[in-house]
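Chains here go by letter, A, B, C, D and E, matching the order in which they are written, and residues are numbered from 1 within each.
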């Protein structure tokens, strides 16, 4: 490396490499698909999938703030998600459908998440990473048990259903045509379902943009510094515990907000959709598949995983049918074993593309 | 619908992601056998082909909701049957209402599925927890001489079951001396056993510990702690066949069971046992019978109804009685729960059979039980 | 050459996609200290690692006595009696000084005599015998690394920059110690400290850009400042 | 004060202290004996699984979520072997019983060893030192393993037969101790002694720790570290599978979720005990076993939280566990 | 004039071993002090006590008039104490520029700002770029720090310290392992800091030529104790110092 004449270096830093552009393009394309999902995909399942993708993008991106940016391994993320969802759902159930219930319930849930995050963070973010992971795992399982035992309030294992404001019910006509029937746009009925979807989409979009802003801010780099070399970050003047706790709380609050949106969309809440360890594993898979420490990775990871969860089975069914003559293969391709293949794919991914899809793409064309 | 269009029935079950997937398999087999029996192998109703579409809930309530919505909305299924676990099924209930189509619950058991948060589009062929526990209470022939301590898991299923068991004992003179609740995944029962024994051992009379747990084996530790030394008997409800192997430790134990293939004496059950043996090389189990009952209910409803409009179907099914491998079932008009018989058994051990045999003592008829009405769909 | 204990024959080594050694050929005669010199990045460390089998030669041969060790697994090479003191010292920080030493002796037991000599050379080792090695000072870690290499009788010791971070007094001691060790063992020494190298070395080789650019007696190089400037880009005598 | 405590056993006194407090609170000696014996035996069974994890996680610094899959596999293989040898198992001869049991445990352990070999080579080797990827890749392996178990044994709970000579309890007065637990206690002790000897009286323990820190240097000292790592991994998985096999006989109704349910408990034990020390794992396991039993008797409501609380308290008091082998 | 940095009876024990033993010492602005001493004398440990990585068993540290012994390392950095490490200690996956930018940002207190205009980031970057240029690292600004060769990593270590603009600079063997043609860059940098007379510089170094070239004053540590303090020529002439440090004419056993 010669000390050559380059007073204006750093240009290399500012030129956006091709791989990075590709990631932005993919994320934008996905964003556009989601923005027009009700009109692009008219079948019922696709809409459910689209809403779920929106919510999970927020959830996974907020987890990426922890694991990808700051290097904090937490197993309590679904706990915060669940607090938001349960808070909203319980108040909706008690007060009946209404915006006041959503706002109050959501606020209670988010506040609870925040307080818990502060407590856990201050108490245990000083200890070794692995112990922190265990503490959060313990906290999450206590919460799960609580939800199951306080079944009078939480519906226990089975969860409970409730009503949401009329604006979001399928019978709601957003616009009426001349005959008083629900107006259609490109053949899609503009009913409460569409309103509900856009509620989900816009809330998710706002939260996602907030996170993009956070990681591009000075704080974002400090988080990475804390992940890379805690002791050095402290030595140049950053209070590591404070930053860790702060980001842990921010992530918790965002997860809880995602939970609020989830509760409003689903009209049902239960451990399986808002609290279980299964969701935690899904989040982990998504964040890794997408690529840690990129935020955009969350978008890609969630889409890939969701499509696999909802459609890989169908594919395997076809594959199993096509190979029915060959011994053994159909058994392994049995659609009920789709998780097996997902697991294998996942291992291969961690093995060969540890940076995930977005991370690998971004590296391409840098140097 | 044109005459050529097949009539679609959706089976919305958990097929992957949980150990319970085995239950779904049993239901599916039973359901298909049921259709075969009811249509005499033609798979047609009123000249329309029946098409069964299977949907996997992956045991996730959110997935369940979307696949059910898909079944109703995109695949235009007429009726859906499912789901496997109570939680997933709870989440599915509002979808039936949203699409105004019938959801036939099988094999999830929770009482709440026909409770206040349910809706009039929901019918349920599977038994509910109250039936289990009440039949169990009846199988103990309760009187002043009976002292019972209960062991259940500490969650809604366990607590609801025990409170309904308590209701059934009320007025019979029997005494409930202790209720023990253990965490759901308990593996060490020593402490609980000590507590149960301490509560019962000084009582004069017939002393019974009623075990009401799911997914764990409390029988083996209890039996090996030798309750007989205090004159204590164990009692528990029947279970699926593989789980009944551990009952071999308690020959002579009495309890009640939802279905055992040798218990019901009727033509349909005979056919089921034979067909199942031929097809799968094993006798039908718990959920096979339930699946078949669900299929028979659907076929009967479709055959009787004038048209297949949801409202017509609902009015046809309310109060409908039909024959199943468990004898006659009737949809109670108020909450759409199917009332059905249970079986009082006594355990017999046969070394040539892998499981302990719950020998039939007597059939407990629906009229004997007082199953609370969950909601009133008539209002 | 009969006297050579170690012979490298046109050794080419790649690290990842980079071609680092471009045909190193040299002989290390039995006995005494032999020095490998060269500027930062010349390939000295890479040469030692190639001998140890920690990098693999893509082409050429490494021969120890009559064993071809080019493709031999590292543990087997070590068991032939070759010890290695790496550039980064390779201390096991979680282990105590004693445990570090115990791993370095083949039998797991210590010869009291040799241990005495180690303690005499580096009293800090005795003082911190039961201390965990991560808590040692930078120089003490370096001492531990060398102690491990000499706790047993070895045939050949490869040492990578032992004086880095050591105080002058210790360096002086080390000169004496190495002279003593070199009486029973051959030492191949990589060094930047020319004073140190000059006072010990019998033979010397200079590496530049992955090639041997000079080899011969130490006295010859030490006496020729022009050669030093040409080979090592500045007069080493001036420095230090 | 501290020094005196240290002289009389230090942290090893905690279980004794716990037992004394429990005695005072329980009141009934027979109940206390029953609970204590049960707790010790339970602890020993957990120890079997925890020791495997502690070896791999504590010494080799590999956080293996797949550990629970070995436990589950062990349980199911033992169940299968026991089912196949059902007639020997129920025979009146203790020798035949014993052979059947040994075959079951042996098969599970052997499987564990082989699976451990495969696991180390294929799954873990590429991600040594990278905790995050370890968590992820072993999590993936766990999913695959669970699916395989589902594919092979199906999802239905499987009943496991106990050998005739180990069923029932020994009853002395009002004290009842399950025979099976006595067996577990003995087996656990045997494993402890072997491991303790191997790690503390030989250089193996040192080598593993050194190898984790600096693999190349250990090789440069003449040791075949890769073989050693494989060996440790195989031993760890074999112990997990052995623990699973023992657990199958104990729980008598097993589901594929068994391993996962135990995993948290095993993690807690390892963390309480401190990383990498076999004594620590034993201590942690016994503490957990005793506490679970005492609390379940005295305050049944608390029994779920008791282990979590124990872990929190220990971590606050000693952030590296009670008896860590590796500090810092 | 109050000294810019002062330690009072600074002591730390590890178990029974006293690594730093009652060191009382003061440093003025505009002065470059070289700290010498045999290996294990306690130089790095003393640095750790001043910059807060270790807490003293006894004694106090003052920055100007302010006692800072109870502060965390980050608080001490904010108070104007900056150090570079003996073993290179960077943010390996971040770019060279970001490494330096983080130091600039910490000094400016911009760390906790979540929402900030892009323009202010640009300002931070431009300033960081300036430090890179003075350390002759501008060319590699976009590389991750881990990809740099050893010499450049040492330079980056120093550039980060300069970017912190502390009142007290502490260098721990900044040229260790650097080849003779690389080391001058660092020495030049240190010399240029020295021109600003408001700064205090502490330097641990073993190489005698460096010591002679830069030192205004030499402090000698031995077995954790301060054994000599004064002008370079005077200190180096003391027989005791020659003995423990250079090993000249000394009984060799004494050396460590």
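Methods note: a residue touches a chain if its C-beta (ideal position, glycine included) is under 8 Å from a C-beta of that chain, and two chains touch if they have at least 3 such contacts.
These numbers come from a predicted model, not from an experiment.
J.: Trace the shortest chain of touching neighbours from chain D to chain E and give its length in steps.
T.: Minimum number of steps from chain D to chain E: 2.
J.: So if I look at the partners of chain C and the partners of chain D, which chains show up in both lists?
T.: Chains touching both chain C and chain D: none.
J.: Could you state the distance in Å from the CA-based centre of chain A to that of chain C?
T.: 54
J.: Could you work out how far the Cα centre of chain A sits from that of chain D, in whole Å?
T.: A distance of 35 Å separates the two centres.
J.: Give, as an integer number of Å, the spacing between the C-alpha centres of chain C and chain B.
T.: Roughly 77 Å separates the two chain centres.
J.: Where in chain E do residues touch at least two different other chains?
T.: Counting only residues that touch two or more other chains, chain E contributes 149.
J.: Could you list the positions in chain C whose residues touch two or more of the other chains?
T.: There are none in chain C.
J.: Going through chain A residue by residue, note those that touch at least 2 other chains and give them in order.
T.: Residues 145, 337, 339.
J.: Going by the touch rule stated at the top, which chains touch which?
T.: Applying the touch criterion to every chain pair yields A-B, A-D, A-E, B-D, C-D, C-E.
J.: List the residues on chain B that touch chain D in their complex, please.
T.: These residues of chain B touch chain D: 18-23, 154, 180-183, 185-188, 190-192, 194-195, 198, 215-217, 219-221, 224-226, 229, 240, 242-243, 245-246, 249, 351, 355.
J.: What residues of chain E sit close enough to touch chain C in their complex?
T.: Going by the criterion above, the answer is residues 14, 17, 36-45, 86-87, 149-151, 173, 176-182, 206-209, 244-247, 250, 252-253, 255-256.
J.: Considering the complex alone, what residue numbers of chain C touch chain E?
T.: Per the stated touch rule, the residues are 39-41, 120, 122-124, 128, 131, 135-140, 142-143, 161, 164-170, 172-173, 176, 192, 233-234, 236, 239-240.
J.: Quick check: in the complex, which residue numbers of chain B touch chain A?
T.: Against chain A, the touching part of chain B is residues 15-17, 21, 56, 58-63, 65-67, 69-70, 72-74, 86-91, 93-94, 98, 110, 112, 117, 154-157, 159, 183-184.
J.: Give every residue of chain D touching chain C within the complex, in rising order.
T.: Of all residues in chain D, those touching chain C are 203, 206-207, 209-210, 213-214, 216-225, 326-328.
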